[in-house]
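First chain written, first letter: the chains are A, B, C and D, and each begins at residue 1.
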């Protein structure tokens, strides 16, 4: 019965990190609740893919920027599906490189709304449930921009820097009460048809990039492999918890190097 | 004639850092434009104090959280008073220690609005003027919470972390074009009748604290002394610019120590 | 045949992290080569313990501070036992809290010799073998003192800060050539009869500490649990490598908090 | 009378930062004691240059890597010349980019001996004198390699990382007792005929580099300008001390950016 399984809730479950992390937890015995803003069809395929492998999952179209969406989702999942043992917060706020003069107020605000405020709302809604059970994991995907600003990154860095400090604050309050918060710094390009493919490189550029850097070359993060680390982090013994780590392909210069 | 002087614009000019930095720049030949949210009387006293010492200054009551206030201010000062050679961004967003459950959404959002968005708005309005002149300084007061989260600091750290990364991004875009952005990490208590006095300790608690730690003991930041470093930073030669520094009383353990 | 197994070489294999990491890799199919400075008897017990569980291991008494010891060890293991696929560098350099005036030159130098120079020597001897195979992992145990100095930590921090930057440098040169270097920041007390027991708290103090904080309470790092993360790190897919992470008990305030 | 002046002791006083910092302090009323490893003639010119401007200075040829040299120097200066109010530790340990295989043990050890151990020795010898007076400043020139490793920087980063953590440790012990320790991260090329000229670019390369980036362009740190910040730091009021800051030309991307 799906209802009795522990739930892994993924906010931001597309074809990249979020979807593959959902699959990994489903494989590991969790019911995956997969949320994304658009593409009902892609979402259905993801759920079916999990079910075809013998797992269970549900899909939700969710606009995390809108009032009460995250709050209602948490209530509903806790009530109707099962205890959220693991939440994966995987909303991005990258808008590409833009000079300050080309960064509208609305864009800057939306970056914060998705990257910081949505996590604050999720934590506010979810931690009471986790505190009652005395345990739970909140795994937060983050980016290089959380640890260093850069030209053209006013919106992204201004948001991600807040996300990281919020994670440290959540961890300081909740770790001693059994909730494991992890800030996962993804410091390299990720194989992701939706984001890197459609948004950044375009379809044909993306195919070429994959041929040169993808499977076998491994110069781009393969999200199914990255998902192993998410799963490991959620299952670290509480005597030995990680709060921050970085991940990147072996060929990618870390963000602190030139 | 005041109009011909270079202007030092201070956003957040109370009885602590902001006011004293304004005084220091007035003493150094700038016309100080001092802005604060409330206390018209205190503002008038500050302006008179500067004029009594032979300097020039103007005061403005300004609600930085409200639309267009900062933008209009920049236009008006540039048009009516003089070129803003130095801007001191000194808005705080400390709300005291609060658990997540005691941090309302409105409070969290206001923290971001003052700590991050207002700086983004100031930079958007001011940098075109500075770029035209090929020079200028933006000195940003920041806090320990910009480099580490802490229990009870969800709002403050979530905001200040964004402020720091925004400063790095602004610096990366604008430093090579002549605008000096500095992130000034004030990592200790500051002698400030308004903030530390009224908000944090109360009047009598504050008096006691001053006696034990103030002048002569120097265990609390004396803003007139701190202001010397602000003035120095704004006058570093462009071959030798500082982007980040920390400051604290000699007796205060730095934020990275226990 | 033990000779054909991949080797996990542990430099600093006592009753805490090193020994348990060795056990974990033995359990995972590696031949563990366990090195420590003293206590032949304890070393023999460790090897037997591994063999009793069906694994294979060898023990070596090794003075890492002495010339050629590490270099000879690497040659010998590669020649006589098997390819060193994983090296765990686990030498500590903690000498307790000592004021500068109580830190002799010899002590300060020994700290560097063990914490930094021995790692440099290991990397110099081992990387040619790993480069030939196009793969390998070097897992470096590190400490809070690698990221912040502190009163009484002149020797420890002066050494560990160097260790961390050396790890970043090794990673920058060798990661793109297939060698995974990880800096593992162990930021909390570790259950370790030798170190915490004999050196720091004394036998009876240590027993009391264990009762209050050990198994079940989990307020102290249980090295067998920590070892799971070492094993995971050595098996991350090369598209998704971690270079730095921290670990601590859930109740321990991270090093960046007060 | 030179003997009664406060002394500014510069360890590493060549034609770049060290020499110009010495000049700045001499101009500000200090007797400068300038130490360098070689080039007696250059040293004499530096002393005369200071004297020609009405200041006072002494020169010492000093091999800081050799036993007792720093210790004897401190005794002698304190006894014969005057109280060392400010010490500028300006020894570099850059050896250019070298792969691990091209970094001899001796070179790696010498890097540590100059970058870390010499500072530890200076602090050990000097702090008792400063503690007696209840005041003093130790200004430590540092480098990008103190905050991030890099390929080819095994020796430099392995040394500078230790230097930074040692500075934090010294600061933690001594700041509350009146000694101001500053870690000055010089994050860009410096106009320095000896280092950048002779060692790195060669004479003609250096001239070309100066023409393209030097005076007027200001894309290279002008040490006489940088020296202003050293002087400011040594004179910060103890209620408002900086422990760490970075400096670079306005056109140079900070070390944390790509």
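The rule is short, and it goes like this: a residue touches a chain if its C-beta (ideal position, glycine included) is under 8 Å from a C-beta of that chain, and two chains touch if they have at least 3 such contacts.
Keep in mind it's a predicted model, so treat the numbers as computed, not measured.
Asks: Looking at the contacts, which chains touch subunit B and subunit C alike?
Replies: A, D
Asks: Same residues or different residues: which describes how subunit A and subunit D meet, taking over half shared numbers as same?
Replies: Comparing the two copies, subunit A and subunit D contact each other through largely the same residue numbers, since over half are shared.
Asks: On a C-alpha centroid basis, what's the spacing between subunit A and subunit B, in Å?
Replies: 35
Asks: Quick one: subunit A and subunit D, Cα centre-to-centre, how many Å?
Replies: From the centre of subunit A to the centre of subunit D is 45 Å.
Asks: How many angstrom between the C-alpha centroids of subunit C and subunit A?
Replies: 31
Asks: Which positions in subunit B touch two or more other chains at once?
Replies: Within subunit B, residues 148-151, 168, 171-172, 256-257 contact more than one other chain.
Asks: For a test of understanding, state which residues of subunit B touch subunit C in their complex under the given definition.
Replies: Touch residues, subunit B against subunit C: 147-151, 255-258.
Asks: Along subunit A, where are the residues that touch subunit C in the complex?
Replies: Result: residues 168, 171-172, 175-176, 178, 180, 218-222, 225-226, 228-229, 232, 236-251, 253-254, 256-257 of subunit A touch subunit C.
Asks: Within the complex, which stretch of subunit A touches subunit B?
Replies: The contact residues of subunit A facing subunit B are 99-101, 103, 105, 108-109, 112, 116-117, 120-121, 123-124, 127-128, 145-146, 148-154, 157-174.
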